[in-house]
């Protein structure tokens, strides 16, 4: 539009203060946008530059070193030995447990909302899910501390960690299930009804398979959301120096290890590689779910 | 139909779970608050005393309420021009073009960075930068925390705002252009007024996220329990004091931290509900 | 007022005083009485909003899906009240084809045809299934086009082919009645005429009730026609007679295009 004005007969418009302001604003928008994206570039490059050399096979296969080993290595100018195996296993363990709790529940509730669109009760459920989604993760950690650490496992535990993560995942899965199902044309459901298919079969063998990629996307996004969480785990899983699969005992997690490394002057160098790993994992999950979403079957 | 009734019943029971969980959360938080509340009453909210020494325990949440408000408001102020510009970039100036997709993806990546990584980057990169600028001796404090929070909430504000901007009907914009308006004028006289409630809602939601952020703030705010005196003073937010001091807390101190958790729950709940309400009214 | 000048012995469907309301107050279908003749095509036509789809969907109790919808009156299938049958049984005897072709996107062509059996958990030998699939696809003249691609998903087919697949899916149960709700309105003219040819063949073995907004289509292929207006069955008779000599003034106005 502005080009047309500039091109020919309206030369004097170029000096027009309105045009000048227009141009300046455009430049300002570009400038500020560049500033906005610079942190992500800086962060990723920093993680890469400082973290890359620490990543080797033992990174994935050995548990975190103790502070003495780390101190010796640093004094000798070597790479700190050990890895984050206890963190990786702990994270996987708790996330899988959280998923086992949150996925079936989230899908069921999502289906419920889809099947009862206008009802007042359903709207209330939806609003409650929105509230739950906005609760800061540290508060969920407090809750899980009160419920599980104090009353169920009498101490910090992987179960408590999973519970806090599952509460975080639940509203995300729930909403994405409902949204996915809503996008399936009703005629598909009606076609199944017209064939005399019983209700639960329509859900299990028509609606859910058809919406599968959407449901999967929601689940992956929920997982990528909780994998990086530290605060709730500080109050529930606490951390552990060994690989641990007992649900009633404390366990480690990658973010918890990062926190431990950060707090220990000898282990500080390890934070970059662990962060790089964590971020890489989160980004990969995000990319995968975006890919799934875009190659979704047309209904 | 028997199987239909059973299935519908199962779905209904599933929906009850979420009600029970949320209700249980409120009850547990309130229950945990009772000890500290019965000792200090409503004064808890207005006192900035925070003394965990046994025998002379004093707890008050005011410093942390102030810390939260200061950091979040600062984050919002910094975030506003940045997110708005980026939204205009993606939703108006370069809409549909490849560069928008790239910028949009990069902004989305910001949302994927774990809070602790922001904290680390803030600690090792931002903080020395602020120290070098001579703004603060150690680099901790409200300003640094507010800055990192701003970066963290930009993707939330940007994604909603840019989408709202694209929803402004084309014919309104064309009508303005046909009257000789410049792009800047179309933005401020057509797009913004039409998208106003959506834009406001997106910033309210971004604000809500800033209120609850924990790790990054914990690592940058300095962990002191007084009301911050200035922009570069140290302090604590409601979220960061819980993270920083949960360690060996029990008894009255635990109750105080739970009370702060309840406060956080309520405040973020209200802010988020407000934002969602405005968005609902739009559609 | 409905005027009928047909005399149908042993009707396959018998509709008595059928009324349907979407909100418990306003009637979308008002007190319809009609019998449907076996092995023929009965068209239901009328302007938008006249209740023709609502009437059709009452015949296989589709309205059961939506609890706000109130249906009164009776429909009998071969003498049996359909509200006393289980809806699963009913829907095996009364099949439905929809306006937009809707094969199940996650299933192959083969599985789509046999979907009624599979989803109902009916155990069959593979040979039985193969037979049903082949017969149904042959009945809709799709067999030759897809016989080598049976395991592919149905979504690569053209609109017309997909719709024929949906007809095959409905025919797999060998139902007594096939209900069709504007089956060609989403198709191009060539696909439409193919489906119309198909229906003319099918009526030799099946009873078809066809809702159409295209009165020329009704004239082309139906044996009997119902004209509905504002929820009422205004006129019902042999198609040729109704089109050349409508009894009710409103029918005449509709047929001469005075209102859509």
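Note that the chains take the letters A, B and C in the order they are written out, and that residue 1 is the start of every chain.
To be clear about the criterion, contacts are C-beta pairs under 8 Å (C-beta built on N, C-alpha and C of every residue); 3 or more make two chains touch, one makes a residue touch a chain.
For clarity, every value in this text was computed on a predicted model and none was experimentally measured.
S.K.: What pair of chains is linked by the largest number of C-beta pairs in contact?
M.R.: A-B
S.K.: Going by average Cα coordinates, which chain is farthest removed from chain C?
M.R.: Between chain C and every other chain, the largest centroid distance is to B.
S.K.: Could you state the distance in Å from the CA-based centre of chain B to that of chain C?
M.R.: 56
S.K.: Calculate how many whole Å lie between the centre of chain A and the centre of chain B, each centre taken as the average of the chain's C-alpha atoms.
M.R.: Spacing between the chain centres: roughly 17 Å.
S.K.: Roughly how far is chain A from chain C, going centre to centre by Cα mean, in whole Å?
M.R.: 48
S.K.: Please set out, as single numbers or ranges, the residues of chain B touching at least two other chains.
M.R.: Residue numbers touching two or more other chains: 1.
S.K.: What are the residues of chain C that contact at least two other chains?
M.R.: Residue numbers touching two or more other chains: 87.
S.K.: Please list all residues of chain A that touch 2 or more other chains.
M.R.: In chain A, residues 198 touch at least two other chains, as defined above.
S.K.: For a test of understanding, state which residues of chain A touch chain B in their complex under the given definition.
M.R.: Chain A residues touching chain B: 1-2, 5, 18-19, 21-22, 25-26, 28-33, 35-37, 39-44, 46-47, 105, 108-109, 111-113, 115, 121-122, 124-125, 127-132, 134-139, 142-143, 146-147, 167, 170-171, 174, 198-200, 203, 224, 227-231, 234-235, 255, 258-259, 262, 271, 275, 278-279, 282-283, 286.
S.K.: Show me the residue ranges of chain B that touch chain A in the complex, using the header's touch definition.
M.R.: 1, 3-4, 6-8, 10-12, 14-15, 17-19, 21-22, 24-25, 28-29, 32, 81-83, 85-86, 88-89, 93, 103, 106-110, 112-121, 123-125, 151, 154, 158, 177, 180, 182-185, 187, 208, 211-215, 218-219, 239, 242-243, 246, 257-258, 261, 264-265, 268-269, 272-273, 276
S.K.: Please give the residue numbers of chain C that touch chain A in the complex, ascending.
M.R.: Its residues touching chain A are 60, 62, 65, 87-92, 95-96, 98-100, 102, 104-106, 115-116, 119-121, 155, 166, 169-170, 173.
S.K.: Under the stated contact criterion, what part of chain A meets chain C in this complex?
M.R.: 185, 187-188, 190-198, 201-202, 205-206, 209-210, 212, 297-299
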